[in-house]
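Before I ask anything, let me first share the structure, which is written out below as structure tokens.
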């Protein structure tokens, strides 16, 4: 009972609860058929949302107005960079991953440069940057699908007892992110800036450096995600990151991170990502038309967040 | 004489291999036409993200720029009508293709998408004579092309009662989205014998089946290089059979020639020109494969003569 | 006379009467059965240590908080559904401790918020006239325009606007104005203007509740003084029955020890810590602070003192022309809402943020060390809370300020900048903090202390008086007198 | 950024005068950006600076301006609406179908959708929900409904709407008149009326408003209902121009509207918004995104990039001024 109570206080519980309910509804519909497969599929697909979601979470936590809208374009470009560098050869996998990481980090750094040097609001800075990145991607990748090396493709599909290895690695990564958030100077500083940037500055937080690091981190995670996506979906592609514009924001906020800044939540990102994939699974399984599918997606999201309720206001 | 005429190309998206091939074909043909002094200028204008209002604004700006003709791949068949009408009223020739427009004053280079959908089931019947369950992958919801292909598929299934569509997902003509959608429905899907789709999503579906360790069904393909290559690999392995169809990106060049001909004063060109979609069968796809760029799409560019022949075929 | 009868008779004349008001916030008992009343034409002074429950009580009078139990009566009638709008109708207004203006709106627009009747054609002009007239009446040389955006005003001016707004009258009656620490951000001059106005207001038959930690203000201006302690009223008596010592004793402060002047000014020594010239300083005057010194920044509020502190703070991170800083700095914010508090965090986290690097164990921040730091300072400056892991907003205003002190003093900073840091701090705590500051200074820390309370300057070794963004006088402690400061503050700039 | 909330405390009246000037300058920035874009257009294509040119270049800016105003109301209350784009699309679909074929039902649906917006405001306030999630969910709802109303593109705008949107007044092009009208009406309503003060105050300091006895539930409902109203107007205006509808027609408006508000000098928190700025921001975006780009003749690969670059340049020009003001 006490456990239930203390759990109910955690904002991330609701996203997991939502995921569970949606999953139960689906297997009730299929009569239990495919229950395990669904979880496997959900885990493999949620990974990609979780990785960018964590980056977006740190950015959003920096306070109102902070958001990285360049992630989709970033993912697209990084996927092309990774595939071109790997050039279908297994020996170049690590180099390709590093190239994607560097490409993403560079994009993040440029984003912050625009925000800082030109004082452009982050939402517009990252949006503008994303247009430019798209163009670079189109002229660099020519919209062609470049295939990953077989070893890398197999790695992204590798499962142990039905659990995708990539998901396990991502769980480790998110545990690291959670520790960084709550127990490292970096995370504390992000939280402080998100609550009150001026007070953070006056409390000795190096505001400029932390914001720079955060945008760069978000960019770098987008880069890695691009490479992994290209592996899993068997090819780089300009559009490969498109859905992560909304999805990366959605998992952050559904997962219980405060959009007002200063309050973040890592487990919630996982819960929300699983919830979104399982929701798609459920609606695809029910076989409803696109219109009804979208309608139900929306209503269920609103329903879950309403059930979860908002945070209690302080004083 | 059209040597002083300026033709603009209004495009709303450039981010996938089909659109890149479309732009390539158009570029190749028009560069030559400009060099040969057949037309004065042929400029390309691209907007982002398939946005209707942005493209409408673009058309209006092209009117202001004083172009004589606009070739357009429209983001919406109806919602651009206002802008297209304004262009016509300003005396500009408008030729649409792929994403065609319904405004009567414009020309349409049309592919019979409904027939393509129907053919998919017809072909499927050849490979799976016993019939069985089908999975349908649909395109971008709310668009006319998706609607037409889907209608054709339904018609085909009606004519072949041995088939039953047991699942339908939305793939947005995008490999990533398609693969994701198929992956989520697969665990709960009964065994299927075939997949009918809209092109560009066959490879993603194949990957999803492989990842889930499910037996490979007959997947109708969409003329992309990776799809044909996968087909060949499967064929070499165990004689796998399928069929592939899609609109050829090079239709853009045909649309260009239509515009040029209308500017040249031809009055006999019908406003609706039907051109065949590009299909590959078990017999001819291997010959086409080497000609397609790695990661690209099968295409066909129209020379002026091809175009004249195609126009002629449409004059009854 | 039975109790009930007595109540009834009193209720007939009282503007407001609370009987047995109780309020709990979770485990905290903020009020434990308080009886409180205000009669017409009297100024009631309300004093008590930080967290005694003064503001909570006032929230009940103003209708913004409902008591858990207890009765509220206004003008003799029992109020069952008492609310803000009801209070407003009955002529009760409140200037809250935490400022309640909308920073995005102009002064006139903020006035409109409190008057439902300011609507229809020409309301903007009427609102502007209303507030300007009241400002003119209370603070004759206020220099505030009705069209100024409140966010652009200094905290002192905001407080002036809010006070003036509470006294404006349109259609509703006005009988009682609650002033919860109205002078905390005002300098001595403006505070004097306000208190003079309050006396006129009361003389005209209206009533006022005055909360202040500057006991002199209460002693001089209140007719009756109510002393609170730990959520209870401990003494209530006519003002002239109190003196400073009796008040302090009643509040529960140990004794009013004043050890300030005993030390002699220390001999010139110590390495240079800060050398700073204000940006607008034309002549060669500059502020110099050495290790172990307490430097006072005086003058009227908002004449460049905070700016100089911020400039010094910024210079510690990145070199700036005209400012030399030789050691790490920390700042104690006075405007705690916008400069100090992290609202999502616990008290302990709020204290620890300046010392994260030292709280680490390897790469990770050690929760244990963080708790130790918090516990140490809770004990050292007496932060009143059952649990340092509670949210910072569960503290009363003065206790929040103590947490900010703990943040700076608990850090590794050799130089501590204090931006009028005693706003809202009770007298007992102040004395403790004075001692603490002097003790830290003896250990070599340097303090730069901007204050609007002249008494506090007694603690300083050197005082720089500011006017219009410039240093106009440099006094040693021996030269320091109230007149000197006022003279420099108002006299022509050198 | 929150930079503007970092108000350094003002001191003397001279300094406050400087602050007031800075604020004025900041208020003029959006107009300056617009002038910059117009100057570039005039230089690239003088023909565009004409009655006909403005009619063509700006008519699609009207629905953007209306959507921006809708978003501005939501932002004024410290919330964000991620569904405005798909809502505009939904309204468009209803306009091109029900409103033409069965006007009464059409009007009822549109009024009902404004009601849903108002309800969302209430829900967000009562349950203290993050608006960004609720409206994200709603963006799927509206898009789903749009597809259900109009499974494939088509429909037709009612004739009266077509006539309104193609109205050709003498001398001044219709879009300019419409933009002025929208800007001034909303400016009056939000910045000048006495209830407008309460609405903005609810974003500036909700606690203060509550202490003064105002209902925050009501302000939130009003702000969201106004957003719904202007969303409806935007969808109708859009269909009046395009003549027929498409379920995906409004999707891009969500980001455009947010960008318009910010470009117009609004801030995400604190109730600092400017209706006239928002309209100017919308016009600037509309002009920079399309005419300017079209007239520049950029190689196709880089046209999308140029779109971003123009945005950056327009905003960076403001820095020169903002820097001085610091």
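Here the chain labels run A, B, C and D in written order, and each chain numbers its own residues starting at 1.
To be clear about the criterion, a contact is a pair of C-beta atoms (placed from the backbone, for glycine too) under 8 Å apart; a residue touches a chain by one contact, two chains touch by 3 or more.
Just so it is clear, the model here is predicted, and its values are computed rather than measured.
K.L.:
Between C-D and A-D, flag the pair that has more C-beta pairs in contact.
P.N.:
A-D
K.L.:
Between chain C and chain D, what distance separates the C-alpha centroids? Give it in angstrom.
P.N.:
42
K.L.:
Per the centroid of Cα atoms for each chain, what is the distance between chain B and chain C, given in Å?
P.N.:
Their C-alpha centroids are separated by 72 Å.
K.L.:
For chain A and chain D, what's the span in angstrom between their mean Cα positions?
P.N.:
28
K.L.:
Counting only Cα atoms for the centres, state how far chain B is from chain D in Å.
P.N.:
Averaging C-alpha atoms per chain gives centres 35 Å apart.
K.L.:
When you check chain B against every other chain, which residues touch at least two of them?
P.N.:
Correct list: 14, 48, 141-142.
K.L.:
Residues touching two or more other chains, restricted to chain A: which are they?
P.N.:
131, 134, 138, 198, 258, 289-291, 293-294
K.L.:
Specify, in ascending order, the residues of chain D that touch 2 or more different other chains.
P.N.:
Counting only residues that touch two or more other chains, chain D contributes 5, 146-147, 151, 301, 303-304, 307.
K.L.:
Judged by the touch rule stated earlier, which pairs of chains are there in contact?
P.N.:
Chains touch in the following pairs: A-B, A-C, A-D, B-D, C-D.
K.L.:
Help me check something: in the complex, which residues belonging to chain A touch chain B?
P.N.:
26-27, 29-30, 33-38, 40-42, 44-45, 76, 131, 134, 137-138, 142-147, 157, 229, 233-235, 237-240, 242-243, 277, 280-281, 284-285, 287, 289-291, 293-294
K.L.:
Report the residues of chain D in contact with chain A in the complex, numbered from low to high.
P.N.:
Contacts found on chain D: 1-3, 5-6, 80, 82, 123, 127-130, 132-134, 136-148, 151, 255, 258-259, 262-263, 267-269, 301-309, 311-312, 315-316, 318-319, 322-323.
K.L.:
In the complex formed with chain C, which residues of chain A make contact?
P.N.:
It is residues 179, 183-185, 188-189, 191-192, 195-196, 198-200, 202-206, 258, 262-263, 314-315 of chain A that touch chain C.
K.L.:
Spell out the part of chain A that touches chain D in their complex, as residue ranges.
P.N.:
Within the complex, chain A touches chain D at residues 63-65, 69, 114-115, 118-125, 127-132, 134-136, 138-139, 197-198, 246, 249-250, 253-254, 258-260, 289-302, 305-306, 309-313.
K.L.:
Once bound in the complex, which stretches of chain C touch chain D?
P.N.:
62, 64, 83-85, 88, 94, 96, 100-105, 109-110, 112-114, 116, 118-120, 123-124, 143, 148-149, 151-155, 157, 302-304, 306-307, 310, 335, 338, 468-469
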